[in-house]
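Below is one structure; the comments refer to it alone.
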Amino acid sequence: MLLSTAIVMFSLLLILGTIVVKGLPALSLDMITKAPESGYYLGGGGGILNAIVGSLLLAAGASVVSMIFGIPVALYLNIYLTRKSKLAEVIRVALDVMCGVPSIVYGAFGFAIMLYLGVRASLLGGIIAVSLLIMPVMIRAIDEVVRLVPHELIEASYSVGANRFETVFKVVVRQTLPGIISAVLLGFGRGIGDAASVLFTTGFTDRISFSLLEPVATLPLAIFFQLGTPLPEVQQRAYASAFILTVIILVLSLSARFLVSRYGRHMVK
Amino acid sequence: MKNRTHISVENLNVYYGDNQVLKNVTIAIPDKTITAIIGPSGCGKTTLLRCFNRLIDTVDGIKVTGKVLVDGDDIFDPQQDVTAIRKKMGLLSQRPFPLPMSIYENVAYGPRIHGTRKKNELDVIVEKYLKMANIWDEVKDRLHEPASSLSIGQQQRLCLARGLAVEPEIILADEPTSALDPVSSRNIEERFMELKNRYTIVMVTHILRQAKRLADYVVFVYLGELIEHGPSKEIFENPKEQITKEYIKGIIS
Amino acid sequence: MNGRRLVDNIGGKLMLVLTVLSGVLLLLMAWGLVAKSSAILSLKPLDTLLFSGNWNPLRGEFGFFPFIAGTIWVVGVATVIAVPVSLLTAIYLSEYAGRKIKGIVNPFIDLLAGIPSVVYGVWGVLMIVPFVKNYIAPLYGTFSSGYCVLTAGIVLAVMIFPVIINVSVEVLNMVPREVREASLSLGATKWQTVKKVVLRRAMPGVIAANVLGIARAFGETMAVLMVAGNVAMIPKSLMDPAYPLPALIANNYGEMLSIPLYDSALFFAALLLFAVVFFFNLVSRAVLVRIEKGIR
């Protein structure tokens, strides 16, 4: 048992170690401050700023969309519906199943929606696919937090004459704010790291683009494409890009922890 | 002591699934006094209290028949605005549950919801009710700290202030001192004695001595049935029913 | 006053609509995939699609069997590696490890779960591929490029560790303390208690946890795409390359609109994945929900 636990931990260290050892030497300031100088990363000059910016825009957009739809759903499941509600049970199972649906399927489905709407590969298309991908994860994560709110706290709000809507948005949201933040960051991390869902939907560009309707580059795909080239120096850059992506993910998970402790001060135990 | 009836309960039945928790309860709770609901645990005291402000609605699988009239209005009438009923009644629960915000915000929460927005008005309200709950001196320099940083005893008084701030007519208290230390309990009891001239206070307690100390009127509930109710003196000194006698003597608990 | 009531009512209705929509999304997805793959389904019999090995989109031959076989091989290897390791780790974490050790191991597992699959892929290319090529393949006296079933299986196994471990630990923690105490007080050793009482009691949940992990392996795309070799043939051994379904979809999206029926075929592949994952998830979630209810 100790051995298997060690294997699990060791594999994480191996992954991080490999990425650092191979990625760090290839890293340069240009990588994170410049767009690629020649098409499709092939020349090896410049950097991957286009992909970093693209990924951040994509993940931020998708997180906002998922939040707008997801937070009300998680609150509704718990505060408006009761513990024994059949509807809540069905929705939860559906969301759980959606959490398990592979991202490539979301990519394909997102692509189908885009064909239907007449949207071509673009930031908007990517946001659609990634929102679909991270929304179930986000809802269930918030759901788990909201479920832990003591019923007495909700009653305390009712007893001064607040209605459910006021209770939900003034009391429950504040009580669960740390949990909501970490759920959103969880979704953001999932969105920034996922490649399969954006493969068909975002397209590609060498430029740094801020437009919703233009194609964008993303970090995971930048890694994938650079690794796929036959040129060793471009492959090196893939390692560096993987290092950057890993750092972003680590920073996200650390800041989630930090924000939780920071905004947890009003929480009632 | 002759007071007008404030809350009147008529043939109230509460079922939880197949289980009948309250059986045909009829009482009249007098205005501007302390009424204590006493009885062993699990006998429906809290359920009765929760009928008064319809928090009972939030429980799954509950069915209520009969009437509860507050100032003559049937509160279970579907036409009633639940929030207006609840605004009339402050609630103190067994454990204090401050809202997840600052001390100031806790007291201002109710008035804000009911339409008071101006900062200076709110300041006045907050100070007034924190004083009324006898906690102002302890918190006046730290109004914007989280309410959860207070001690349990202070939290309970803050909850009292929060309830008072929506200007209720009735204070409902469900064993309000059971989680508190003796000093804090006493502080709450003293508040009740001060407040009873202006509010109708209904408290659930299983501490007989507390009921004796505070209550003017006593309601004894046993296994979901209303056994006896009347002025405190009568119940404690001269109970009519055998079972009340045994409970007060401590033969059954 | 009325304004407040109105907001409560409308807000509630709006939230209800969103909630129902979020569930309907799943059906919508199923419907969308079926609709998109209906073109190929109406032209080819289902058994040809599933069991024929002829894959030649240019000639209109769509036999998915090589890809299905590749998927099963890769997932099989991942399962064989991941299940014992994850289970033992979960048992260790829930039954033996103290607070301190859990405090160290849990963030590791969370981190492992958070690493993007592309990064797993890079790791696979950098470490597992050469390892299999240079050490494992010669061991069996064969040659392998390293891009093969075994490599993909190893990478996938590491990816699904966190899924299986987290859900299993949750299930094991739901076994009441009294059950353990009852067994221990009869003089059973800790290991006997774990094996005969705790695991037996938690078995449905533990199986569900593993099924969830396996379902994740089925759909995992990028990492597998990067290390499996992607040759459209039925793998004969661990050292052969494989071409799992997700990789097929990912690799060919570019051409999918230029060859007739190809897009429909790829959507059919997505539908297959969706169906398998849907079924696995539904069953294990139903089991887990039932367990949780029993506890409450």
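A, B and C are the chain letters, set down in written order, and residue numbers restart from 1 in every chain.
Going forward, contacts are C-beta pairs under 8 Å (C-beta built on N, C-alpha and C of every residue); 3 or more make two chains touch, one makes a residue touch a chain.
Computed from a prediction, not measured in an experiment: that's the story for all the values here.
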Greatest centre-to-centre gap (Cα means) from chain B is with chain C
So, comparing each chain's Cα centre against the centre of all protein Cα atoms, which one is closest? A
Centroid distance [mean C-alpha coordinates] between chain B and chain A, Å: 47
Using mean C-alpha positions as chain centres, tell me how far chain A is from chain C in Å, no decimals. 19
Taking each chain's mean CA coordinate, chain B and chain C are separated, in whole Å, by 53
Out of chain B, which residues touch more than one other chain, so two or more? 83-84, 113
Could you pull out the residues of chain C that touch at least 2 other chains? 4-5
Please set out, as single numbers or ranges, the residues of chain A touching at least two other chains. 163, 166
Residue ranges of chain C in contact with chain A within the complex: 4-5, 7-8, 11-12, 14-16, 18-23, 25-26, 29, 32-33, 36, 84-89, 91-93, 96-97, 105, 108-112, 114-123, 125-127, 158, 161, 165, 212, 215-216, 218-222, 226, 246, 249-250, 253, 266-267, 270, 273-274, 277-278, 280-282, 285-286, 289
Chain A contacts chain C in the complex at 1-5, 7-9, 11-12, 14-15, 18-19, 22, 69-70, 72-73, 75-77, 80-81, 87, 89-105, 107-109, 111-113, 132, 135-136, 139, 163-166, 189, 192-196, 199-200, 220-221, 223-224, 227, 238-239, 242, 245-246, 249-250, 252-253
Give the list of chain A residues in touch with chain B in this complex. 82-84, 150-163, 166, 170-171, 174-175, 265-269
Would you pull the chain B residues touching chain A in the complex into a rising list? 53, 55, 58, 60-61, 82-84, 86-87, 89-91, 93, 95, 97-102, 109-110, 113-114, 146-148, 159, 162-163, 165-166, 172
